[in-house]
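Below is the structure I would like to discuss, written out as C-alpha cells.
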C-alpha cells in the first residue's frame, strides 16, 4: 500500500518508492532544510524537514517529540487528584480544556454530579480560554506573514485576559481552576464589570485588526489560496474545528454534542467556504466575536449564587470505580478529547489525550506543505493552528 | 440510544461482537476479535457513516497479557462516538494496519509502535521514531516500564533532600522506649 | 597635497556624521514603529550599544575567506554609495566625491554590496543564507527596474547623470523638485525605494519567520557589527540619494535631516501597515505597476 | 519475560535513527573539538565591554518548553522588553542569551546543547521554572532532564511555574548586574569543564548524531 | 485588489496617537492578584506537621523536616518546599487540614545558585512571610470533609428508659465514609497510650478487609470491643482532621471492625502466638491492664493465671461502666478470646484475703498486678455517713450484679467525672430525678464531652460551681443537701482557676440519695508487708520503670495504680509493656535484673 500523500497529484516532482530518500540530494537540484525546532516561524517546539526545489517545497516531514514529557505515563503513577495539576500542562495556551475534560471523565466514572453554577463557571473559563488562545493565534498568523503590529496588539489583549484569569484562578498561564467536583473558587467581587471592560477593549482592537489585516492587500495575497483543505479531505484526515469550518463543513462540538451549558446559549456555527488560510482566519476572527458574545451571555444567564463545588471523597485515597469513558470538547483548534480507563484503584489506568493538532500538524501538514512556497510554510502551519505538546504529550 | 442498539444487532450478524457497552446517547464501546477488526472498521466507516477516526490508542493490560486497542470513530450524522476495542497478545504484538482507511492512522500506528512496541506491518514509516529519539529501553508506555526508576538512574536528581515520616518521627521523639514498641 | 588631505578630512567628517545619523535614525524609527505597536520601544541609542557589544564578542566563527570578505564588500558598497553622493548641496564638507557621472556609480554600488554579501553568505554553509541571498538578489533585480526607469526619465529630463547637477536644477522653490516636475518618475522610484530599504512588504529577504533570516544567518560578532554599521551608512546614503534626486536636495544639514527623516518615515508608515510579500510576489509587483509608471515617465520624456 | 525482552530488542533494532543512511564521515557532525577559553580583558575596557553586553541582550528565539509562552507577552507591547535592550534573535549565532523555558526533553536537550555551542561568547543562560532546577513536575519522567546545570552552565534561575513576565524581567535585571560585575562567565566554565559536560550529555543523548543536513 | 485593501491597513497608525499599552514599571506596578498563587507561607503556630501536604504533592516537592518541639498533636516537623519541583498548583494549600499553609502573591525569586531554592515557609526569613494577599482555599471548596458521619443513636427519650446500648454503631457504608475522612497522617499514634496503628486499621476499613483490621487492632489492644465503645480516645483530641471541624471517630471505627467479626472467626485471623515455654505468670486483677498483660504474655508462650475478686472478669470495664455504654456481652467477647488462648481466670478470689500474696509470689515466675483504684474518696462534709449517701462506684457495681439500687426518687450526684455521669444516667434509668453538682465550670469537667451532653440530654440537671456544704436528714425526702455557690479565682497564667466558695450563698436540695463520685484511691492492703516495704510508692502510685517493673524485680504493676492517666487504654498499654518487660526479665536476665 502506497501512502496517499506520496502520490499527491499536485506535486510536479516524481515520487520515489521504497522508503528510501526519494530525492537525490547530491544532484544539487533539491535541498533539504529544517524549519525548527529553533525557528521563529514554527509554532511551539517542533520541526519540519523540508525538501525544497528552488523555492518550492517538494516534500515535508513533521518531526515532533521535542516537548514529550510522557504525561500519559506519569498519570499512570499519580492519584486522580495529583493528575489535576499535571493535565493543564499538556496545552499551554489553552490549559482549561485539559482540566475540564479530565474532570469530566473522572466525574463520570465516579458518578459525581457537579452543581449548576460550577457548570457555568467552567463554560465561562473555557470560552475565555478560547478567546485568549485565538488572540495569540491571530498575532501569530499576522506575524508569520511579517505583520508584527497585529501580534503586538493582540498579545497584549490576551494579556488582559490573562489578568482576568489570574484574578479568578490565581494563575496566569496554568489556571488549575477546574478541578474534579467543580471549580476551585467563585467569581471575585466586581468581576463581571472587569470582564466587560476587557471585552470592550478587545472588541475595539479586533475591529482594528479586522480592518488592518482582513482587508489588507498583502495579507490577502499571501493567505488566499494557501493550504487548501477541500471538504472531502475533512473526514479523510480527521480534520476538526476551524480548519474544517473554514472549508464550509458545519461542525462544532459545542453545537453537535453540547456539553456543560452550551445548549442554553444562543449561537450559530461559524463557517467560511474559502477553504484556505484566509478563510480560516475569518472563521477564527468571527469565533472571537462569538466568544465575546458567549461570555456576555454567560455572565447574564449564569445563576448568581450557589455552590460551585461538589465535595469529593477524600482525594488522598480516592478510588474511582472501574470503567472507561471518552469526553470531548471544542477547543480553538478542534476536537479535544480525553479517553480515560480506570481499573478501580487509586491511580488511573490510562489517560489518553486526543489533541486536534495530532492530525493537523503531522499528516495534514505533510500533505498541504507539498508544492507551497517555502516562505509560506510558516503561515500555513500557523493557519492550521497546531500546538505540539498535544501531539506528543 | 436505540439506534445504536439496532445497529449493534445488525453488525452482530456479520461479526462476532461482544462487550457492548452503551455509555450514553453519544458514546458506546464494542469489542471485536482482532482478525475481524479492520473489516468491522471498514464496514462501519463505509456503511454506517463512522467516517471520522477520532483516535486510536492502546491500553496495556499486563495482568491479562494483552494490549487493548481502541479505535474511536465518530459519526457526524448521528453525532455518535463508537469505540471499537480489540485485544491482542502482548507477546510479539502485531496488528493489521488501518493507514489505507485514514492517512493519519499511520501516525497513530507509528506512535503505538514506539510507545508500546505494537507492530503494524505495512504501515508507512512505522519503524521510524516518532516522539522519542535514541530510545533503547523498553517501550515506555508498557506497564512494566518504571519511569521513576529510569529517571532516577538516567538523570541526576539534585541531592540533599531528606524527609521525615510524621509517625516515625513522633515515635522517636515521644516514645523512643523499647517498652512501647510493638 | 593639502587639498587631498583636506578632502580626506572632510570625507571622514562626512562619514562620521552620516554613520551617527544613520544609527540615530534607525533608533528613532524603531521607536516610531513601537508607537504604532502600542509600546514604548528601545532607546534611541540602542543601535550603538548593539554594535559595541557585537564588536566586543569574545569569539567569532568563520567559514572561509569569502565569509570574511562578505561584510567587507557590504561595507564597501555602503561607503561607496554614500561617498559619491553630495549630502548637502553647496557644502564643501558634505560634497563627498560627487562627479559628473556619479549617479551610475551609485547605482552600481547599491548592487555591489548585495553581491559581496552573497559571496560571504554562500560560504557560510548555512542553507538559509543562500536562500536569503537568492531572494535578496531576485528582489533587487526587480526593484532596480522601476528605479532605473525613473533615473532614465530624470536623466533624460535634465540631460545629466550628475547628482549635484540634478540637485542644482531643483533649487529655487518647491515646485522645482523633480517630485513635482516629474511625478511619475518619483512615484516609480519611491515604490522601488520600499524594496530597496527592505521594509515591509518587501522584507522577505531578512524575514525571520519565512525560513531564513537571510544572508546574515551565520554572521555574528564583529561581522555583524560591521554589517550593522554598514546598514546605518547605507540607509543614510539611500535616503540622501532619494532626497537629492526627487526632493530638491538639502542646502543645509538640518534640511537634510528633516527631508531624510520624512522619507524614511514613509517607509516605516508603509512597513508597519503591511505584511510582507513572498519574493515571487514582490518581483511580480515591481515588474507590474511601478515598472509601467517608470516606463510612462520615460516615455513622457521621450515624447 | 525474556521473550518480551527479545521482542523489545527487535523493536529497538528496527527503529531508525534520524540520520540513517549517511556515511560514517557525515555522521560526525557533532563538534567534539575542544573550544578554548577566552580570558576577559583587563580593567576599564572589560568594564565597558560588560556594560555594553548587559545593555544589549539578544535572546535566542528558541522556545524549548512551556516557558516560551511568557516570552511572547514579554516581547510585545504590555511588557516591551525592547526598552531594556532585550530583543529576540532568530539565529543562535547572533544571540547571547539562551532562555531555557522550563523542562527539556532529551530530544530538545540535544538541540539545546547544539544551539548553545553555536552561540558566540560571552553567552548567558537563563533557566526558567522549577524544571531546570530539579526536574519540576516531570521529575519522574523518562524523557525530561532533571538538572539543566549538568548539561550547560546556567547563570540565573527564575522560580515559578510559569514565572510571570515580570519575574523574567527581574531575572534579566539580575543577569545584567552579574554581567556588569563580570560574574557571568558561564562560557568559560563550560570550556574548562568540557569533559564533564560532554560526559553528562552523552549519558542521556544516545542518538548522538545530528540530523542529516546536506550543506 | 480594491482600493480599500490598500488604504485600510494604514488605519494601524491610529494607534500611534494613543497611549501605549506598555506598563511603565512592571516590577512595581503589577503585584500578583489577590488570589495569586505565589510563594508559600506557613503559619508556624497553626501547622501541626501532619505531612498531608507532602502526601498530596505529585511532584515530591515537599519534605518534612524537624523545626519545633514535638508534642502531642504536633509532630514538630514542618514542610520544606523544593522550588526545583513545585508547580504552584496549591493542592497543598487546599488540603492542609489546619489551613496553616497558604500562598503569598509574591512571585519573584531569582538566584544564580540552584541549591537555594529550598526553604521552610514561615520558618525561613522571607520577604513574603507576612503577605496578606495570595491564594487561600476558597469558602465553599474543600478537599477534606470536616463533618463526622453522624452516629446512629437512640434518642434521649428512648435511651433514658432502658439499658439498651445507646450508640448503635456504623453501618458498612457509614464506616467506609467515615474511614474515608482519614488523612493517614499518623499523629494520633503517638498520643494513643497503646500506640495503636490507627491509620492502618482505618485503611483496612476503606479496603473492606476486616481480618486485616482485626489483626492490626489486636497488635496493640486485646480489648477492642470494649475500647471501641468506652475508650477515652485521646487520639481524637489530636486528630489532624479535628482542625477542620470534627475529629475522625477513631473509636467507633475500631468498634466497627470488631462488630463485623464473630468471635469464632478470630482464630482464623489472629496469630496463635508462640508455643508454651513452661513458665508461669500470675496476674492479679482482671481489669484491662491484667487482661492485656495476660493476652500478650500468653502469645509469648507463658502460662498465665489471673486472680480476680469479682465473679466475672473485666474489672472496672464491667463493674464501673453501665451497660448502655458498654454491654456486658462485648466485654465477654474480649475476655472469651483471651481465655480461649489458654489464660486461666480464677474468679472470686481476692489476694490477701483468700490467698496470701506471698504464696503467689513464690509459686509463679513473675507477678503482675493491676488492681485499680477501688477506695472512693469521701465528701469530707458533715452528715456524710447518713443513710442514702453512697459512692458512685458502689452503686454501679450493684447494678452490674443485677441488684436494684436503693436510690429513691431524687438523686444528687456530686462530681464531674465519667463515674459521676454514669451514676447519674444510671439513676435516671431507675426513674429518679437527677441533679449533678460540680465544683468548677462545665469546660473543666473531666468527663467526656459527649457523656456530659448525653447526661444533659437525658434531663439530668447540671449545676456547676456548686460546693456541697453539709448533709442533713430530710423531712419529706431522706436527705437535705446544702450547697454553696463558688466563684472561679484565677491562679495565675497557665494554671486552672480554683473554685472558691462565695460566703453566705447557701442553697438547699432535698433528695433521697447523694451519690459521691469525686475519685478513688488505690488499695494496697493485699500486698504482704514485706513486699510493701520493698516497693516504693509516690502519691498513691506504685513506682515502676518503663517496663512497669516495680522495685521488686519480680513484680510488675500497671493500670490505674501505676499511671496517672487512669483510663482503660493506658491500662492496656501498661499491660502490654509489662508483658514485654516480663518476657525480657525472664529470658534476658541482664537487662531487667
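Some points to look at:
Per-chain residue numbering starts at 1, and chain names A, B, C, D and E are given in the order in which the chains are listed.
By our rule, a contact is a pair of C-beta atoms (placed from the backbone, for glycine too) under 8 Å apart; a residue touches a chain by one contact, two chains touch by 3 or more.
Owing to the predicted nature of the structure, the values given are computational and were not obtained by experimental measurement.
Contact with both chain A and chain D is made by B, C, E. Number of steps on the shortest path from chain A to chain C, with steps defined by chain touch: 1.
When chain centres are taken as C-alpha averages, the shortest distance to the whole-protein C-alpha average belongs to A. Counted by C-beta pairs in contact, the busier of B-E and C-E is B-E. Centre-to-centre separation between chain D and chain E, using Cα means, comes to 57 Å. Our note on geometry: chain A versus chain B, Cα centroid distance of 23 Å, whole angstroms. For the pair chain B and chain D, the distance between mean C-alpha positions equals 34 Å. Shown for chain C are the residues in touch with two or more other chains, namely 34, 36-40, 127-128, 208, 272-274.
Among all residues of chain B, those that touch two or more other chains are 129, 131-133, 140, 145, 147-148, 158. Looking at chain A, residues 31-33, 39-40, 65, 68, 70, 73-74, 77, 85-86, 149, 152-153, 156, 174, 212, 216-218 sit in touch with two or more other chains. The list of touching chain pairs reads A-B, A-C, A-D, A-E, B-D, B-E, C-D, C-E, D-E.
If you check the complex, the residues on chain B that touch chain D are 90-93, 113-114, 117, 119, 127-129, 131-140, 145, 147-148, 150-152, 154-158.
Residue ranges of chain D in contact with chain A, taken from their complex: 18, 21, 60-66, 68-70, 72-73, 76-78, 88, 90, 92, 103, 105, 107-108, 111, 115, 137-138, 140-144, 161-162, 164, 211-214. Chain E meets chain C in the complex at residues 9-10, 12-13, 15-16, 18, 20-22. Residue ranges of chain E in contact with chain B, taken from their complex: 49-51, 54, 62-66, 70, 72, 75-77, 82, 84, 114-115, 118, 185-187, 189-190, 195, 199, 219-220, 546-548, 573, 576-577, 580-581. Interface of chain D with chain C (complex): residues 35, 38, 40, 48-49, 52-53, 55-56, 58, 61, 76-78, 80, 82-83, 85, 87, 90-91, 93-94, 96, 120-122, 187, 213, 215.
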